[in-house]
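Worksheet: the structure to be examined is printed underneath.
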Amino acid sequence: MENMTSPNQQSATLHILNKAPEHSRFEACMNALCPEDILVLSENAVLALADQNAAIPENSLALAPDLAARGLGADFEKQAISYQDLVRLTEEHPRIISW
Amino acid sequence: MPTSLTYTLVITGAPWTSQAPQTALAFARELVSAGHRIDRVFLYGDGIHLASALSTPPSDERHWPREWTEFLAEHGIPAVACIASALRRGLVDEAEQARYELTGSNLRPPFEIAGLGEWVEGNMKSDRVIYFHGSV
Amino acid sequence: MSTLIVVDQAPYGSWAGREALDMTLSLAAFDQPAALLFTGAGVNWLRKHQAPEEIGQKSVEKNLAAAPIFGVEEILADATACQRYGLTEDNMIAGASMVADTSATLNSHQQVVFAG
Amino acid sequence: MPTSLTYTLVITGAPWTSQAPQTALAFARELVSAGHRIDRVFLYGDGIHLASALSTPPSDERHWPREWTEFLAEHGIPAVACIASALRRGLVDEAEQARYELTGSNLRPPFEIAGLGEWVEGNMKSDRVIYFHGSV
Amino acid sequence: MENMTSPNQQSATLHILNKAPEHSRFEACMNALCPEDILVLSENAVLALADQNAAIPENSLALAPDLAARGLGADFEKQAISYQDLVRLTEEHPRIISW
Amino acid sequence: MSTLIVVDQAPYGSWAGREALDMTLSLAAFDQPAALLFTGAGVNWLRKHQAPEEIGQKSVEKNLAAAPIFGVEEILADATACQRYGLTEDNMIAGASMVADTSATLNSHQQVVFAG
């Protein structure tokens, strides 16, 4: 896991997104991201990493069990985080939006 | 390691419809392992189906309502299904059964039924409120 | 600590909008600062002259109109979505304000919550 | 006016989550008025919640499970909730209650619980099969 | 109600669509329409009539109770059909897709 | 009378794909011609090496692989969606065929059914 927290973590928002890239809330989330924010993809949203149309930030993270479930574990090890990592991210970010 | 924080978890996606209860449980277990306190779990909308006492998945599948209630009981975590969501969707406890003269009740303890005030209180008392929605 | 409740689902085909309104009114009832933001197809909750009795549902128009009385701070609507769906100040229910920069609105609240 | 046709209606959206049961009921009433025959109604996926005996909406709201069962009874229309969908989601009849030693049952008659074979049979015997899905 | 049935109704498909224009299945339905097909908008899909971005066929129909519910009854009387009309359309079209 | 069951929802986040597969197998069990079409995010059901045990679910890979044995006529995948999600013949489960013209596929079946 790299770049888990931004330098400016105090004011950054943690976005947790569980919608597939086709879902209208996926694009709404993309539009709401600020440069210092952290995006965690969970459940169906991890498919965004395989989606050639999805424009997600380079430092996006994704839950490893959801990647593995969808056959994407081997391809995206760099982005993968555990539930434990997600807990730590929620500790560090008082402001969290679940999309 | 930061000091222990207090969390409220809100689940709005139903088991066997969404992945929300599974993700929430995995997250909740890690919260407890990390030394955090879960103030309460609040089920809202379709999420109330997680509190069904009658869910009967095939024996070779995971049983999310049972796993959730075992987790809640083990750690003494209060869990509430929103009464407005629950009554419409057919989740009732014995008190509501008696009040509305229904043929039965189907709430799985330790889940309880209460109002949205429980969610507001969770908001006020917790350092973090995390939502687990359906994904469709 | 202010909470923004976001409604992005169309009216009547799902319950999410009603449940979002209930959450907002509950916060207000406990004197917690709360506001509503309608985006995407959700802006259609704000159209005047809804008659959901025809599909066996109750209108939320009165509840929305009463929200400020119950302490809801603001009812906001994404201007781009309003334009898309032909919503103007003339055909929107009273009390709702359009916002041009929805990202700024999201970032101006400490909590942002979807009902489902 | 064409000759009378036979319809199977499949509902996959839940009441108080989707509009599917309402639209389906309005359509079904017009089918009967037009002289058509409804071979059966099949509830699948989240649609099984329409058969809950415990749904208790506020008294000033429409009661879709009750209106549906009254309609079914009045016209003698068979209606089935898919057993695989129902058991996972906590909808059970007395037979399933006994079989799995559950604390209660919550199926609203005349709805019955049966397998997907009922849906296949509806397909084979009907001139039209119409689906009523959720909209999210 | 105008143009309820096409001249070529025997081979035409009746499409019943209940998803809002933002839903991915809405676009999938549009892509599947043949020129002789009939499209009926129900539930959330009736919002497509008010949607400046939605490209729906000119002869699309919409359930009147759903239009009325969403405050669109007066604006789209030409497209409005009743549940009774929908029953008649299902009589006339052996091939029906519910999106 | 042939039935095409369409799966357009992503795997594991909802049950619609499993329920669609069950419908298809039921038709086949009663000797009714049935085929499966995966489109949109639904094509991801066809990726090799899915390990949903990690999220407490059972894989459908074996069920899909067995579908032809049980009489399911075809397992089809929308080529455009496959390309979008990086699915090729190499990383797709055996037995699935890509179709370039999904509209033609829809129109070649008498019934077209979504599971939800």
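Should a chain be cited, it is by its letter among A, B, C, D, E and F, assigned in written order, with residues numbered from 1 in that chain.
What we mean here is this: contacts are C-beta pairs under 8 Å (C-beta built on N, C-alpha and C of every residue); 3 or more make two chains touch, one makes a residue touch a chain.
If you're wondering where the values come from, they're calculated on a predicted model, not measured in any experiment.
A.B. asks: Starting at chain C, find the fewest moves between touching chains needed to arrive at chain F.
C.D. replies: The least step count works out to 2.
A.B. asks: By mean C-alpha position, what chain is farthest away from chain D?
C.D. replies: A
A.B. asks: In whole angstrom, what separates the CA-based centres of chain B and chain E?
C.D. replies: 39
A.B. asks: Counting only Cα atoms for the centres, state how far chain C is from chain D in Å.
C.D. replies: 33
A.B. asks: Distance from the CA centroid of chain B to that of chain C, rounded to the nearest Å?
C.D. replies: One centre to the other, that is 26 Å.
A.B. asks: What are the residues of chain D that contact at least two other chains?
C.D. replies: Residues 16-17, 19, 23, 26, 45-46, 61, 129, 131, 133-136 of chain D each touch two or more of the other chains.
A.B. asks: Residue numbers in chain E touching 2 or more other chains?
C.D. replies: Correct list: 18, 20, 22-24, 43-44, 65, 98-99.
A.B. asks: Name the residues of chain C that each touch 2 or more other chains.
C.D. replies: Residues 9-10, 12-16, 40-41, 55, 57, 111, 114 of chain C touch two or more partner chains.
A.B. asks: Chain contact topology under the given definition, line, ring, star, complete or other?
C.D. replies: other
A.B. asks: Pull out all the chain pairs that touch, please.
C.D. replies: According to the stated criterion, the contacting chain pairs are A-B, A-C, A-E, A-F, B-C, B-D, B-F, C-D, C-E, D-E, D-F, E-F.
A.B. asks: Mind pulling up the chain E residues that touch chain D in the complex?
C.D. replies: Listed in rising order, the residues are 16, 18-20, 23, 42-45, 63, 65, 82-84, 86-88, 90-92, 94, 96, 98-99.
A.B. asks: Taking the complex as given, what residues does chain A use to touch chain C?
C.D. replies: Against chain C, chain A makes touches at 13, 24-25, 28, 31-32, 34, 95, 97-99.
A.B. asks: What does chain E use to touch chain A in their complex?
C.D. replies: Listed in rising order, the residues of chain E that touch chain A are 22-24.
A.B. asks: Applying the document's contact rule, which stretches of chain B touch chain D when the two form their complex?
C.D. replies: Listed in rising order, the residues of chain B that touch chain D are 14-17, 45-46, 49, 52-58, 61, 65, 87-92, 96-97, 100, 102-106, 136.
A.B. asks: Taking the touch rule as given, give the residues of chain A at its contact with chain F in the complex, in rising order.
C.D. replies: 18, 20-22, 43-44, 47, 50-53, 64-66, 68-74
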